[in-house]
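Shared between the two complexes below is subunit A, which pairs with subunit B and subunit C, respectively.
Let's turn to the complex of A and B:
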């Protein structure tokens, strides 16, 4: 019995390892090609590792950073991601707290509205959205977070509410007796207990906002503001010339921050997801 | 001064159920009062109204001289220990205890001194840097007590604080809480459904049933002079035996007749019940099998057929039937008695309780 379980463990390990390789391979492809000379990134040679002749060093990375306002876009992307995620975490956790602790028809309806918003495809609302955003002046990197807050709220409220139900009400009652007003209870008791969920939601939303291409393209004034995903698109736009090398280099550069965020939060993501399911 | 006074308090929950119909209760300053009763009778509700965690639908609640119906929990100067302890999971034991004081902007040195003092009394010093999840149930329970202690509250509220502990620890904590009460000299309100806890700890015990106070008195009074059948049955373990009996006149005194047996009871209050049915209550220890007792109480004896005998050490619990329902007698264990034996038992008629069958109120003790 013991042995057989071990065998099936091994089989699973192999299957999952193969899957992991399959998932990583495209990234690996981009990585190796970003080090190759432009002419070696062709259809015929795309799978080849860089050789002595085709190795280009960090040249593409340098040109990516130097060219076409990469740093400026990086700044916009960072600004949008940080403000959006911060807003989502703060407002959605508060909202979820209200929904779980005040039980009436209104909050129930509110909750289902949030859940429902997750299943509405973005494509369905995007054109009206871009016009509305223009009218309201939400088309700048400084306030586009309001739009992201709206689109991110569904998942965030859903996850926060799920976890908050598992926090015993008595802990909050104890804090009220100990002298907290509701604001203090929220920030001193509820939020710290919620930390694993905060990190999970934060990482998920950060990955989405950071990588998002469609929404900023539609909403932002494209001549003035480009986020990183928009900028990458521009490497291949222009006059038919596709600068594959710098494009791949900048893709690699943009992956790095989000991978760091993910790795830093990883421990909590697993905890946060499990915490909702298993009580205690 | 922190006496607590309920004046015609009504509690109706949002779903329209009235849990407490009309509560009048006065708890004196520095008193240890135990609220006891079966599950769902409204003990926690009462306690939570004192804490301010439940609104009061009607009536007034006083703490000291003030009506506190609309006073927020944090302004009532109370501390509460929850059944689930409700420790803050993200804080160390030290922080858990210091939290309330920090909120009140108490000077750091004073907080430190108070927390360490409480930790010393509760033997929590080695665990001050741990998080609650790294503690045993008993240790968590003590942290919950410590958290309440450091605040020097006017009123200490405890909702079944011992029900998650094993029997040995429970006995230990029982005396710890009692001595804590003496040391702090504040008002304690303690909720439990365990009558042993109530009897051992309370200065006065409030027995509740379905939101209504049945009797509010000292443990001795409750045990010896229960006001009604419910209190008589609830307090005392093993339970009091109840037998339905008819009252017959017998010269200057009265006979209580059940089945083929009759016992002579000398209580003038029974005059009004001649010919009527009453409920006779006899505590298991007021049934005697000793020779000399039986000789003296010729007119209060009956024969019991033992169904089951439990040896408890110094005593034996004998189980037998009267009129088809099970009764218990506690007799000294040197008396030879065993299963399937017929044994003569004498009732100590000075200590019997008689209750009205309709109102279930006590007629005489």
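Let's turn to the complex of A and C:
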């Protein structure tokens, strides 16, 4: 019995390994082709490794960085993601605390409104939202976080409130009796307890904002500001033949930082996703 | 405590509330109103009553987009959840290299829909041309299955993580008790593990359902609706109604479609949540 179990485990490991290779293949294909000369990237030769004649070194990467404004887009994407996630974490945790600790009709209605906003498809508000953002001047990379705060509030408040219900009230009451005002209580007592949830919410919202395409396309002025997803879409939507080499190099340049961040913080990211689902 | 906190309500609630009103409440209410109007910008709307809706329900491309979305959603929900649960079962057996596999299977989630769609477009087009078949732009069957493969590739890893968390929460003593009673692996799975992970199934089906219905980026990047709107899903159909056509009436039609879409997504989510919630057992 024990031996048979072992054998089947080996078979499963081999199957999983094959599946893992297949999983990596699409990205691997882009990677090898980004090192080939332009004429060697065709339907017939796309599955071949670069040879001595077709190897192009880092030339496509250099041209992608130099010509397509890649670094600028990287900067915009970073700026938007960091400001939006920071604002969501700070303001939504404060709001969620108020909603869970002060129980009245207003907070209850607000809570259900936040939950409702999570289900509504973006197409419902995309046109009116872009017009509102234009009118209020919220259409630049340094203040678009206000829009993201409003649109990301649903998930964040929902997850924070779910966790806060499990924090014993006594801890907070004790700190109030000791003379803390609510602001001190929140930042000195509640926020440190909230740390695991802050990581979960931060991971989920960062994945969303970083990869979001439609919202920044509609809100930002595309001639001046392109985030990375906008750059990729703009690049291939252009007229004439798309240069495949620099295109693939750009794709790799967008994937590599994500993979590095993921490998560095994968424990938190995977935990964050799992915890986020349990709260739902 | 209530009273002390209430005094500080502007500090705690106002920033989020103000952004929420700007980013969601106002656009939502305006959107509802504008679905009954003819307009180019928000300020020059003129009331047309239910005319937009009457048009929308008879438009063939919108109906087709709905049918396409539903058939895509059904197939992808089944495949993604079966795949995610299958991988989760394998990765909770303490096999060698479990952590490496988990890392790899989750990775595609971090890549955005636009980039993913483009990667798969290149790959699928190459395979199709080697097989002598028409490329994605002319081949709606390949577009449909391409979207499904792409979504499986992206989402199975995410659902796997949630199922792993669910399976790890099943207490060991219950499984041991089942095994002592002589239950086979399959029996243990069906009669013990499956009912215990019902909350994970609820959330995974909910996530795959809403993701499939709202799918936009991947659809735009992989097929962008080609050929002739045959692979256009509802979200992309609404987007194209707004931005790809000239004429006074189209914004109103687009907004009415968006309202119909919104109502359907909410209804389906509610039905699904109540249906699977009722099967959950208390631990």
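Basically, the second predicted complex is superposed on the first by the 230 of 280 C-alpha atoms of A that agree within 3 Å, B and C clash if a C-alpha of one lies under 4 Å from a C-alpha of the other, contacts with A are read in each partner's own complex, and residues count from 1 in each chain.
FYI, contacts are C-beta pairs under 8 Å (C-beta built on N, C-alpha and C of every residue); 3 or more make two chains touch, one makes a residue touch a chain.
The structure displayed is predicted, hence computed values, not measured ones.
Applying the stated contact rule after C-alpha superposition, one finds that A:95 touches subunit C and leaves subunit B untouched. Contacts of A:114 after superposition: subunit C is touched, whereas subunit B is not reached. In the superposition on chain A, A:179 contacts subunit B only, with no contact to subunit C.
Of the two partner chains placed by superposition, only subunit C is touched by A:122; subunit B is not. With both structures placed on the common chain, the touch criterion links A:192 to subunit B but leaves subunit C unconnected.
In the superposition on chain A, contact of A:13 is made with subunit C only, not with subunit B.
In the superposition on chain A, contact is made by A:229 with subunit C only, not with subunit B.
Of the two partners, subunit B and subunit C, it is C that touches more residues of subunit A.
Residue overlap on subunit A between the subunit B contacts of one complex and the subunit C contacts of the other covers 173, 176, 181. Those residues of subunit C lying in contact with subunit A across their complex are 1-2, 4-9, 11-13, 15-17, 19-28, 30-31, 34, 41-42, 87, 90-91, 93, 95-97, 100-115, 118-120, 122-123, 125-126, 129-130, 153, 158, 161-162, 164-165, 199-200, 203-204, 206-207, 210, 213-214, 216-217, 220-221, 234-235, 238-239, 242, 251, 254-255, 257-259, 261-262, 265-266, 269. On subunit A, the positions that touch subunit C within their shared complex are 9, 12-13, 16-17, 19-20, 23-24, 26-27, 29-30, 43-44, 46-47, 87, 91-92, 94-95, 97-99, 101-103, 110, 113-114, 117, 119-129, 131-132, 136, 138, 146-151, 153-154, 157, 169, 172-173, 176, 181-183, 186, 207, 210-214, 228-229, 232-233, 236, 244, 251, 254-255, 258-259, 262-263, 266, 269-270, 273-275, 277-278, 280.
Only residues 168, 170-171, 173-181, 184, 188-189, 192-193, 195 of subunit A touch subunit B when the two sit together in their complex.
Residues 51-53, 72-74, 78-80, 82, 84, 86-90, 99-100, 103-104, 147, 151 of subunit B are the ones touching subunit A in the complex.
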